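Here subunit A shows up in two complexes: once beside subunit B, once beside subunit C.
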Partner chain A sequence: MRLAIWKQPQFLIGSFILLSMIILSFMSPLFFDPPQEVKYLYEDGKLVDVAPFSPSQVPPFGTDKFGRNLLTLLINGAKYTLLIAIVIAVFRVFLSGLFAIVYHHYNVKLRPLLEDLVESTIFVPTSILAYLLLAPLAVKQAQEGIGFFEIVVIQCIILIFIGVPPLISIFSKDMGRITRKEHIVSTLSLGAKHRYVYIKHVLPEMGSRFLLVIAQQIIQVLILLAHLGVLLIFLGGVKTILDGDLLSTHEVFVSLTGEWSGLIGNNFQEIVHSPHVILVPLGFFSLTIFSMNLIINGMQNTMKKIERGAGS
Partner chain B sequence: MSLGGYFKRLKSIMIGIIFIGFLPSLLYGFDQTINFQSYIFNRKTYDLFPGIFDKYVYSMTIFFGALLLGLFLAILFTFCTTLLPRLFKMMVYGMLTLFESIPDLFIVISLQLLIVYIYQKTGWLISNVTVVYDDKIYLLPILVLSVLPTVQLFRISFLLLEEERDKPYVTVAKSMGLGDYYILFQHVFRNVLFNLFLYFKTIFVFMLSNLFIMEYVFNIHGLMRIMLSPNIFVFIVGTIMITIPFLFLFELAQSRIDKSTGEKKEETA
Partner chain C sequence: MKLLEVQNLKVSFRSRKEELNAIDDISFSINKGETVALIGESGSGKSVTSLSVLGLLPKNGRVVGGHIFYENKDLLRLGKKELGKIRGKQISMIFQDASISLNPSMKIGKQITQGLAYHRIIARKELKREALRLLAKVGFHKPKEVFNQYPGQLSGGMKQRVLITMAISCNPQLIIADEPTTALDVTTQKQILDLMNDYKQSTNTSILLITHDFGLVAEYADRVMVMFGGKIVEAADVFTLFKKPIHPYTKGLMNSIPKIEEPRNHLQTIKDAVIEETAYEGRIFAPETFSADEKVYHSPSTLIEVEPGHHVRFFNESSEVLIR
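Our next item is the complex of A and B:
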């Protein structure tokens, strides 16, 4: 697997795009000064337009309604978005792998409780579930003032646990399939400990599967983040600031971490007036998901090749 | 399929849903609103019963309309691509990976904007893009919702078809002198359709989430949209209403699959 995957062009292209986005995001503040915020556009000393500007007025992607350059925002937000998605996906898979062992092994005792949860999460869309659990947190933050770091951690934990139940059922099915294989059964009947069998046989056999599921989960998390952005729930909580002139002030929500979904949510009300502010971040989401899909395709191709090689 | 098994599962799912509904109060320790009579949507109060049944029928109409449209288009496209030469097939597959990567939100918003744009340029409004009062729009939601299932089903059936064509029975049929199209229609397509059926759960979960975000963006007063209301009773009732028919369909489908593949259900041990 390790050697063969580097020969997959799809995998290489996908990981190149992702890596370059993350590296660019970390490096850009070191080398480039943040561009000035432009709220008003003058032409021959006359006021022509106010923010948000379209991509033709301020290349390449225009600005949002606070006059911040969209490209800078997106590059800065890339590291938060991608790293958070990766961390959540890895933890989801790790925890559900752990739980799946418990679930599979001590099936009888834990089954009633877990099965209720696992089965019912199928019928609730993840975005609604996430909203249900995260919305009270925003209220709590406004009332009690929880710290920024704390709130990110709590939100991440919730997002991790939302994804765990469906994965448990997938993994425990896989484990069931593997433990019914002959060599496992004979190992057990020869007197091996269960723990030994899981560590030595079951987990290595599922290794490539875990990687694949992590990649798929990253996509799921990204889509979930975009949905939550529209529902005005941002990672790191919101800050309400007053916008507009003295006569017509109105409150706007601003995402604190600056991840991409915050950009979508901030500008969602002005979708018809300035569509680029939403479409550009969504385009970046699509690009990320596309490169993840390329990685997944590469992984699947390698797995197929290995299987064929072992089979013939 | 046994009705007893269905009710047992339904019971356990209902317990799970009620547990999820009250999870926020368990986690954060505050009182949730429970109101059996009414809910608030867009700052107006509505009666919960019997109004919710109306919303339910509306949402399900959109859901199944989109599903059927998607299925139809996917089969049509699959059929068309089988007639293409090999090089084009690879190109189509590449395009599908690209299309599949587009988040549902992007498709919903860009189609909405497209229709506004067409209206601005030509004055021809294809469909209402947003809902102001309680009026119902059907055409646009169904179209929008059917885009991603089409792509997904197309991709799955495309892969299945490629796989199916290498199987021995196709070679046998060819050696018997049967025509290519005859084999394709009579044998290969049938098997592909059946295998497509195996993905029903994935498609369902995916479409439900799609439906939700579409109702939110278009401001449609449908079942998924009102499930967001702070009144937790609406969430519980709404989810149970979705569960009852779909669980039945799932069980039915599963029993059909088990029967035809001849595999026994997984051992519980």
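Our next item is the complex of A and C:
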């Protein structure tokens, strides 16, 4: 990795897109006013339309159903969405890496049992598992009120841990594969201690694996967040507001952080009449996933080159 | 003087609940300064024998019986720590395929000094100088360049030299070379073996040369053991064995020596060869010791010394024949 990765155009382009989104998002309060709720469009004093407005009415991307400019919302929400996805992915990989080392090293007897357990959880769709665990939290928040920060932390912890078991199994298989490699046996034949072999040979090789899996996990988390948004589970929880005209009010959940999945969830009912309110946030998800894939490809190319032995 | 003595070694592998004997009662010894060849076709148990010596069997394999004495210590009963002190420093290994036996993302200089560093043979700041000296010794003209290169930048022969450098770095008493040249072309093969031979002669090191090539045995070994199906079927000094091979399997192997000019394919098995003799001086050969055919009789067999230093495996007539 090290130097060679910076020569991969795919990696550079992907990183550039992601970084610019995050930086823009942090700087956006300097350029944009906080998104205004403009629910009614008047022309010559006559009411002509209600939010959501189409991209032609409010360029470039239109508004959501509260009449907020989608572009501003999306840029504003990028930092939460991306950073949270990155944090969750990093912790997932870090924790499962640690567990995998311990697991691979010590419990030889328990391993078949654990492996079966892990295998059985892999087939439960993560979004369902996440929903089952997160929904009670949303109820609790609605009833008792949980602090914003607190709820973000709890949600993240849950999202981190549901991703850990399959990764442990993947990593420990990887380590098994690496420790069976001829060059490890060769190093052991020189008298190296197992710990040395781990630190100098196994972990460096796992290191690039870890980075790659972090990138893949970011994508997984983004997809999971989008699914949860549709199921009305938002990071940071919701506030309930009354919506509709004075005569027919109904309760609506609004994402507190404004991260992207929240936008999708908030506006999901509008998908038939104003598809843009869903398609635009989905487009941003896709752009992010696309850049992550570029990054992953760049990393894989570099790893292959090193495997083939060009060094770094 | 015996440096290494293997007695009645038995190794088995566990695969899907099944216990499979890979090494079945092997005994041999290696004297100081001697090159002993272990020859046999693919799967006969050569690598397993050599890995057992240093306790490097894969996780599903285990030694089920026997002793391996090295300087009066039974290696099979040593603790991890003591065994670690012997690995590399007393007994080292050269592996078959250099392209996978070196870590592709570690510089050569670092890899060849690993042994010296663990065993703390020389001070850390001397490591580089020693590495350059060793690299020059194994025939690199530009040791400094190689020191900073990665394995992928070297040719197959150069990588094999690097493996040899690693193996000799701590001045071991015994080098186990597991088919050190199988992956190389004939010219390079000769250079590598000559290099090992020169080293051996200048330091009085012993070598266990594992191969399936009788041509190499004739040139480099003092004694030979022929292995088949996890058993030694014949053992003698090189001259005796070439002049008067007795066991049908040995004869078959000898006839399959590849010609130098011919492209080297992995040794053909000899199961197609017609076995003409079934007995020698009234003793019968056990069919299982030369036929891989599943249906042959499985009969207890023993090594018998037919003349001083020349052992051949025969059917043990005092036991019953088992049919598998």
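Operating definition for what follows: the second predicted complex is superposed on the first by the 278 of 312 C-alpha atoms of A that agree within 3 Å, B and C clash if a C-alpha of one lies under 4 Å from a C-alpha of the other, contacts with A are read in each partner's own complex, and residues count from 1 in each chain.
In this section, a residue touches a chain if its C-beta (ideal position, glycine included) is under 8 Å from a C-beta of that chain, and two chains touch if they have at least 3 such contacts.
For clarity, every value in this text was computed on a predicted model and none was experimentally measured.
Participant: For A:P136, using the defined touch cut-off, is the partner it touches subunit B, subunit C, both, or neither? Pick first, second, both or neither.
Facilitator: Touch partner of A:P136: subunit B, not subunit C.
Participant: Using the touch definition from the top, say if A:G147 reaches subunit B (first), subunit C (second), both or neither.
Facilitator: neither
Participant: Of the two partner chains, subunit B (first) and subunit C (second), which one does A:I128 touch, if any: first, second, both, or neither?
Facilitator: In the superposed model, A:I128 contacts subunit B only, not subunit C.
Participant: Touching A:P29 in the superposition: subunit B (first), subunit C (second), both, neither?
Facilitator: neither
Participant: Check the residue A:I306 against both partner chains and state whether it touches subunit B (first), subunit C (second), both, or neither.
Facilitator: In the superposition, A:I306 contacts subunit C only.
Participant: See if subunit A has more residues touched by subunit B or by subunit C, and give me that chain.
Facilitator: B
Participant: In the complex, go through subunit A and note every residue touching subunit B.
Facilitator: Contacts found on subunit A: 107, 112, 115-129, 131-133, 136-137, 140, 173, 176, 222-223, 226-227, 230-231, 264, 271-272, 275, 278-279, 282-283, 285-286, 289-290, 292-294, 297.
Participant: Considering the complex alone, what residue numbers of subunit C touch subunit A?
Facilitator: Residue list for subunit C touching subunit A: 51, 54, 56, 58, 84-89, 92-93, 95, 97, 100-107, 114-115, 118-119, 149-153, 163, 166, 169-170.
Participant: Could you pull out which subunit A residues touch subunit C in their complex?
Facilitator: 180-183, 185-193, 196, 200-201, 204-205, 306-312
Participant: Within the complex, which stretch of subunit B touches subunit A?
Facilitator: Interface residues on the subunit B side: 9, 12-17, 19-21, 23-24, 27-28, 30, 97-98, 100-106, 109-110, 112-113, 116, 201, 204-205, 208-209, 211-213, 216-217, 224, 227-228, 235, 239, 242-243, 246-247, 266-269.
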